[in-house]
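Next come two complexes built around subunit A: one with subunit B, the other with subunit C.
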Partner chain A sequence: MSLYPELSFNVDHGYLEGLVRGLKAGILTRSDYHNLAQCDTLEDMKLHLQSTDYGSLLTAGNEDLTVSLIDHRLKENILTEFRCLRSHSLPPLSTFLDYITYSYMIDNVVMLITGALKQRDVAELLPRCHPLGMFDQMAAVGIARTPAELYSAILVDTPLALFFQDAVSEANLDEMGAEIIRNKLYKAYLEAFYKFCQESGGATKNIMCPILEFEADRRAFIITVNSFGTDLSGVGRSALYPSCGRLYPEGLRLLARAEDYEQVKAVADYYPDYKLIFDEPEAGSSRTLEDRFFEREVKLNTLAFLEQFHLGVFYSYLKLKEQEARNIIWIAECVTQRQKSKIDNYIPIF
Partner chain B sequence: MNGHAILYTGVTLAFWSTILIVGICYTIFDLGFRFDVAWFLTETSPFMWANLGIGLAISLSVVGAAWGIYITGSSIIGGGVKAPRIKTKNLVSSEDIKTVIGCPIGRRTIGPASSSIIFCEAVAIYGIIMAIVISNMAESFSGTTPETIGARNYQAGYSMFGAGLTVGFSNLFCGICVGIVGSGAALADAQNGSLFVKILIVEIFGSAIGLFGVIVAILQTSKVKMGD
Partner chain C sequence: MDSFFRSEEMCLVQLFFQTESAHNCINELGHLGLVQFKDLNPGTVAFQRRFVKEVKKCEEMERILRFLENEVVKSNIPIPADFTSETIPVPRDVLDLESRFDKLEQELKEINSNRDTLRQNFTQLMEINHLLKVFDAFLFYPHDRFVAGVIKHERFPAFEKILWRLFHGNFVLRHAEIKPHEEENMDPVKKDVFVVFVQGDQIRGKIRKLCDGFHASMYPCPNNAYARKEMRTNVNTRIEDLRLVLKRTEEFRETTLTAAAANLQEWASKVKKMKAIYYTLNLCNIDITQKLIVAEIWCPVSDLNSVHTALIHGSEQSGSSLSPVVNRIQTQQTPPTFNRVTSFTSGFQSIIDAYGVGNYQEINPAPYTMVTFPFLFAVMFGDCGHGLVMTLLALCYPSLQLIDMLVDGRYIIFLMGLFSIYTGLIYNDCFSKSFNVFGSSWSVRPMFHPHGPWTNDTLHDSGHLHLDPLVSGVYSGNPYPFGVDPIWNIASNKLSFLNSYKMKMSVIMGVAHMLFGVTLSLVNYIFFRNLKDVALQFIPEVIFMLSLFGYLIFLILYKWCVVMKSESAPSILLLFINMMLFDYSSEGTVLYRTQKPVQIFLVVVAVLMVPWLLFAKPLLLYRKHKQLKLVNSLPFNGFFQVNSEIIYITRHCNNLPNCRTSESILSDTEVSMADIFVYQGIHTIEYCLGCISNTASYLRLWALSLAHAELSEVLWKMVLQVALRVTSGMGSVLLAVTFAAFAVLTVTILLVMEGLSAFLHALRLHWVEFQNKFYKGSGYKFTPLSFDRMRDMQ
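Showing the complex of A and B:
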């Protein structure tokens, strides 16, 4: 009953929503980050993390404690939790969680293509793929020579087949072509996900659609800024902009014509939220544009937990957990390299 | 359109078109006199109304209680994975039993979650109490025509039906209300233990509306007297 979701949501998803909210309570708070930032060695950090929800995650096994080990364990933790949720879920939650994994699948496919172009061995690339985006025919991706071959031979059986309409027309599979394919796949994926959330209606739509709109606009800005100095023209760029954001259609048209950073900033000034992101920060804080985008994403994701009986909590929990992993790795890197001045550049979540 | 939408539109269409066609046929063939409400009300036995009332009282109350319990229960189970204290807590120990001999409760505290479930269950209990009260009022009478049955028996039948409807629907919505609030209470309690008592107050108000239904139903059946 999409009219009163609270009457029927708990039949299929009540247990998992309770579980995710319990897991969310274990996300590190500002005081945890404060303690971690005071550490001098990785061993201290491990000790502090033991008193949080992570428990004995880092103490298991007797490998040397390095930043890459911490990274690996944190990612494994997120993976286990997501797999647990996905395996217990029923439609429409299972469809929703599958949509979340498609973005990682796209990244994996493009990474395998570029790896194949550089004549790297597939067996060497597979462990570096994001585990949430695994699909069966991944090893065969490197064999394809053109996008059409890639599609008809390999991807047609995967969920990514739906997003491949535009990208098939690409003439070649070189470095630039791989990036174009990535952006086109991502555009089709984001628009399909947005449509799914809109059709779900209710609180899911109210929570997820702003998040996905922001994601679309963020992609548009990043593509524009990164394309200065390459031979990707305005027309080429506008084919890559997702159309489910707030910039559509006027802002995207202006962005396609932008030639330098100042013009991009002028486009952002028309939208109050993005104006804040592009504004020059006060002297002393070294937040990059990427950091400010992450901050806004975290803010939108924390709003998901204020409503009950919707699917957005699952998406938000995964994204916040990833941000937490990025924060912990940043602090760990600062600690190991003894660069305490930059250690406060993490993004606090709760 | 997915399967459910096709099913619902098909059934609705069939229903309304049947009614429309039957109505048009009756009008065309001058059979309108057959649509006789007074005949229906006097020819149907008061026992039919009485038993419909009893059935609705218990069944709708149980639907409400079940709905509420599953909404709350699934949230409790999910939330209890990371915060086990929201489940029922039993703190009975042997020393406590010795010191409170004679008191059967001992030192058991019922946890927050089970009190939400108990509020939902109370709704089903109201339903069964009313069903028993109403069914005790049904007595046999010896009339067979509308004149010999008498107005009092008709009034008894209609009152019992109305009372069953009252208590059934108010318990249905009370159960759903307490269930949804209880689900929120369980999840909030899992995050912050002091929130439970505050949300319990909302649940108590929700539970009161079921009680209103019972009170009105008792008043409706207070003047019922079936028999000769």
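Showing the complex of A and C:
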């Protein structure tokens, strides 16, 4: 690591950073959302999106316009942009971008395992995997019977092998086990990514660490909330909490002991940022806890664009774009299901 | 002719036409290309407009056209470029074309999907064929538990690895690459044939699952050799059949596409026109009875007749009984700025528009820029050799078609080249060498003994010799007739002579250019009947500039004209500085006798102009504002003889339907009183300081021309001269090499780089120093509906 990474940053990543900042300018604004929310049919939405950076994304092809088609096109769009960035990138940016894809790979693996447990056909499952997390050996995941087999036979060649050390066990795979594998993998993944960002230093560290800390804490909260009513014990839970968040170590210990939602809320009260999230929303707003977490995430990600010469913009851009896709899908769903009252529940970005 | 100097006079016109004839009328107007439609429903969102369905239909058709074009291009069928039949799209064409396109698309999709299935079958058969061919080689001994299939080449290593990991080597795997066969242009994917021999059915099931995951296609393979042979012949006959069918399908597809390609261009232009027409109709209002369409258009007053004829023509074509009504309406809205351009003037106009589109009817700097821009460029670029190359380049552009952008600017480049030749001749500079056409006015011979002080010894002893014009015969008394005397090219004080000359010259040109700009502001004031601005703005500005910088020019010219001894001649720089400081004590700053009173008078006048400029206009406005208040407090307004202008305003208001009342005008002025003071203050400071800094800014003319001359001299001395000095036979070879280097460097550095920099500086001098004296540039451009322009955009 050189003394002033800003000096040489543009040599390797200047073009891509410029590109991603240009792409960021195409993210839909509040007025775009406002216009979209006024639409009565998907055709109207299509007309509106035409005047944005999406251009003729939805007009190509003459299939009937459905929400799933929009979803598919949006995902494809993100994928194209990401592939373009990835194929032009140099280390350390390429490693950084690979790290981003690992989280999707984890999700895909777990989805394939649960799919295989339910005796689904692989050919039916594959198209439902997130395209950013595709890898060669993916198709064979369903064959494995135990996590150990999964690791030693299939995932050992993939980048995910690094995260697998804690998750190896001889127990048979079941649905609960798959969930636990997901969380263990995620824990290892987040910690590794956090370490990578910390080692990068400079602005990358300043930007990415808060985002990843938040991500880790969000997982800890959600694991805790979701574990109520299952047979996952406090000890079992604490093995799943990522240890790179702001909750570590005291907050995590408290969370492990929590028995109901009120106690989780009490833990969050110690942290001003999370207190805001857990506070009762004002009357009339129908935001769920998840929505408020997303809102906070969007806020953190928009901050990334305030600094230059760091890799965080790539992560943030991808996440914001995903949020945008979620927003558009939400609006589209509301439009097709005639739920105009809920249409404003999207999370505006800029 | 008036429209050459300022933008075209525009008028707002209301059009009424029947719904049936709207299509033809707008079509005619689109061909005319002189009419800008105003959006009459600005509050309505795009998808709530009247003709949005039709626009969507057009978009759908465009999509199909794109699809067709893609298919045509993919199959390498040429699209005939030109179409002659210029047909008018009528509404019923939409339905016609739509059904036609739909049918074509259906048909083509069907063919494509057929072809794809056929091809897939064909590849499958080919793969089986290959598998059978290599199977025997893989088989060591009869074995009945195996999985055979074909997998993508790049996936094979991962597949093999996973097999190893899962079954720990309890299997035999054989594979072979499929050789790309003859007519396989359609399927360039590399594939491998593989056969896995294993023990036990359970493992076989797992492998099958794995194959599914890896998208490997598995094929059944008979066990005994005879059955395999039979299967092979069977497969081979089927391949032959398929090949024939595939060929037929291809042929059919090609004929369909060729038929479509012939019409593609015409359809595309038709659809585009239709879309534009519906888009325009969306801007219009439709009467409640649905019978009438109301449009508001901006169009040049001088073209009203042609617009009218076009409309009548359009309604005749549609067979409508009523002719469209054209109704010119009064308006207070600012019309768009429309400057007619030709291919020659368009480049210069776009230079001006890049800074800002002029206000409506404001004086247009473009006609003057056509001369001053290339001239100022040439002052910096002055070298007739380089200018000649540039001119020739500009002349060759149409045939070369180098870059589209340069083609648009070829007239600019051409003029820049011509002017560079001219200034180059004045500088007497051609690739840093001089021409001696008329014979120099200086002569060395008279310096020698009988007349002058020099002897042969002087020549040997001293390094530098001084020609003294006072010795009779050394200077002929008549200056060199045109441009700089060539003798300066060999003089050692060439640089200091040229620097002084060029510096003074750029100040003179700069002040003249700026004075011209200020004069243009006078033309603007007079045109807009803004007579008080003449007194309050133009006069103090001109006096300020003339009394300081006009005097500076006078000093320069005076010093040039009056012969003085170089030792005793006063420095103009010091003289000017002392004039500002009222310092007349130092010696040697006197040019003429009455200098002191004149200079003191001029400085005092210039200083007095500042408060005049600063306070007079705001105070006058303030007085008027108070009077207006007085009028407004009276019970009824309009007929008190306070100020003729106010009467005019109120009367005017009563006549117009949606005009602002005097109250609203008053509240506007109330808000902006402080603004006016601040604005005038800023303007004054900007102008007075600007006079000084802008004059200094024109010194870039000198600096860049110096840099250009020096660079070309360096290039001559360091590159070409090296080879010219070699006297042996190798000199010619060396000359060829160095000339190549000289030519490349001349073009890249002196022509392109220096040209660009001189261009940018000339641009700046026009945008900043010249235009800020008179040009507001806050109008908006006239954007007519024009089919021709649409076609150019493609």
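Keep in mind that, in the parts below, the second predicted complex is superposed on the first by the 347 of 350 C-alpha atoms of A that agree within 3 Å, B and C clash if a C-alpha of one lies under 4 Å from a C-alpha of the other, contacts with A are read in each partner's own complex, and residues count from 1 in each chain.
By our rule, a contact is a pair of C-beta atoms (placed from the backbone, for glycine too) under 8 Å apart; a residue touches a chain by one contact, two chains touch by 3 or more.
Computed from a predicted structure; not experimentally measured.
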Checklist entry - In the superposed arrangement, which partner chain does A:140 touch: subunit B (first), subunit C (second), both, or neither? => result second
Checklist entry - For A:122, is the partner it touches subunit B (first), subunit C (second), both, or none of the two (neither)? => result second
Checklist entry - Between subunit B (first) and subunit C (second), which, if any, makes contact with A:154: first, second, both or neither? => result second
Checklist outcome for this item: Of subunit B and subunit C, the partner touching more residues of subunit A is C
Checklist entry - Of the two partner chains, subunit B (first) and subunit C (second), which one does A:15 touch, if any: first, second, both, or neither? => result first
Next on the checklist: If we overlay the two complexes on their shared chain A, which of subunit B and subunit C does A:35 touch? Say first, second, both or neither.
Outcome noted: second
Checklist entry - Thinking of the overlay built on chain A, is A:44 touched by subunit B (first), by subunit C (second), by both, or by neither? => result second
Checklist outcome for this item: The intersection of the subunit A residues contacting subunit B with those contacting subunit C is none
Next on the checklist: Could you list, by residue number, the parts of subunit B that touch subunit A in their complex?
Outcome noted: 67, 70-71, 73-83, 176, 180, 183-184, 186-187, 190-191
Item to check | Residues of subunit A that touch subunit B when the two form their complex | outcome: 6-7, 10-11, 14-23, 25-26, 308
Checklist outcome for this item: subunit A contacts subunit C in the complex at 35, 38-39, 43-44, 47-48, 51, 56, 59-60, 62, 121-123, 126, 136-143, 152-154, 156-157
Item to check | Residues of subunit C defined as touching subunit A within the complex | outcome: 45-47, 52, 56, 59-60, 63-64, 105, 155, 158, 161-162, 165-166, 206, 209-210, 212-215
